[in-house]
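In what follows, a single structure is set out as C-alpha cells and then discussed.
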Amino acid sequence: MKTYRKELLLKLPTRRALKNITTEVEQAVAASGIQEGLVLVNAMHITASVFINANESGLHVDWENWLEKLAPEKPSSQYLHNNYDDNAEAHLKRTIMGREVVVAITDGKLDLGQWEQIFYYEFDGMREKRVLIKIIGM
Amino acid sequence: MKTYRKELLLKLPTRRALKNITTEVEQAVAASGIQEGLVLVNAMHITASVFINANESGLHVDWENWLEKLAPEKPSSQYLHNNYDDNAEAHLKRTIMGREVVVAITDGKLDLGQWEQIFYYEFDGMREKRVLIKIIGM
Amino acid sequence: MKTYRKELLLKLPTRRALKNITTEVEQAVAASGIQEGLVLVNAMHITASVFINANESGLHVDWENWLEKLAPEKPSSQYLHNNYDDNAEAHLKRTIMGREVVVAITDGKLDLGQWEQIFYYEFDGMREKRVLIKIIGM
C-alpha cells in the first residue's frame, strides 16, 4: 500500500470564481505512482468547494445565479455570522456545492466519466486558499 | 491490499427516476472478496446522482417535488446552459443530491445503518448511463 | 494495510441540534494506530448529517434558519412521506447537509485545514443515533 499527499495553492482574483483543477489532480495521480486506489480532493477552507461536473461556461453562470438565489449575499444583516465575519452566505453556498470528491484510480489514471471534470469553487476569494489531494492505493 | 472495479449500466425510461442499487453494490462487494475497506459508488454522468436514504415511496415523491421547487425544469430559458443543451436543471438537481457515496465494508458486507439504502437518481434519462463501483481494502 | 471501526452513540435532547465530533474522530484515529490513510465518518441514520465547517455559533443559527427556509418543517401535510412518518423535512435537510465526510490522515493525525471541524447535525432527535467511523490505511 502507498499513499501520496499534495496541496494546491489557489488565490482567485474575485470573491467568487470557478477553476478547473482536473489537470492538477491528474498530475498528482501520475506523481504518486499509484495504479489502483482512491483519491480524495477537498477544500481545506470552509468557504470553498471541490465538486465534479461539466466544463461548460453557460452552466457555470447558471450555478452562480442559482446559488445566489438559494443563499443570497445581500442583505448581509440577514445572517448572524456576519456580526463576526462577512461571509455567512459563502459558507451556505459551499454547503450546497460540497467540500470534497472521492475519485477512483484505475490503471494509474483518474477513473472519470466522459464529461466529469473536477472544479474548485471559491466563495470568498482574493486570499490564498489550499486544496488537499490525498491518494491511497497500490 | 486488493481493489475491485465494476460498472453498472442503467437506462431509465423517464427523464427523472429513482432506482435502488443496494443489491448491485452488495453483489460487487461479495464478488471482490474484500472483507475490510471502503467502497466508492459514483455516477459517471453529471446529470445523475448516487445517494443514500430511505426506501419509502412517499419520500421519493417528496424529493421530486422539492427538487423541482429548488431547480425548476421550466421555463428552460432561465438557464444559459440551455443555449447549448436542454438540461441545466438536471445538473442543478444532481448538485443537491450529490455525485457519490463512500460506504464502509466490514466483515465482507456493506456497513450500513438499518434504513440506509443506496439509490441512483436519474435527472436526464432515456439514455444509457454508467455507475462506477470501486472497492479498496483487504 | 490496517483498518479500524468505531461507532459513536448520540442522543440529542431536541429535534434539531449540532454537535462537534472532531475530538471523537481524532481519538479514533489515534486508537487505530494508522499513520497514513483515509477516515470515513457517516451518519448511520437517514435524518442526520456529518459535515465539515466552522465552529461559530452565529453560523450554526444561520444554518438552522436557512434549512428551515429550503425545507420547512410545517405544514407537515405538504409531504407525502408524512402519511407514513412525521419527518420528511428531516430527510430533505439531511440531503442538503450530506451524509458523510472523508478526511485524510497524515502523520497519524486528521489532515484538516485551520478552521475545519467535523459536526454531527441531528434533524430528528430525542432518540439514540449512531455515527460510523471507518479508517483504512497503514
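For this structure, a couple of remarks:
For clarity, chains are labelled A, B and C in written order, and residue numbers in each chain start from 1.
Here is the rule we go by: a residue touches a chain if its C-beta (ideal position, glycine included) is under 8 Å from a C-beta of that chain, and two chains touch if they have at least 3 such contacts.
Because the structure is a prediction, the values reported are computed rather than measured.
The angle of the rotation superposing subunit B on subunit C, based on CA atoms and rounded to the nearest 5, is 120 degrees.
Counting every residue number used by either copy at the subunit A-subunit B contact, under half are found in both chains.
Averaging Cα coordinates per chain places subunit A and subunit B 20 Å apart.
Listed for subunit B are residues 1, 38, 70, 96, 98, 102, 136, each touching two or more other chains. Across the complex, subunit A is touched by residues 1, 36-38, 51-54, 56, 58-59, 61-63, 66, 70, 96-98, 101-104, 106, 111-116, 136-138 of subunit C.
Touching subunit C in their complex are the following residues of subunit A: 1, 3, 5, 38, 40, 42-46, 70-71, 79-85, 88, 91-92, 94-96, 98-100, 102, 130, 132, 134, 136.
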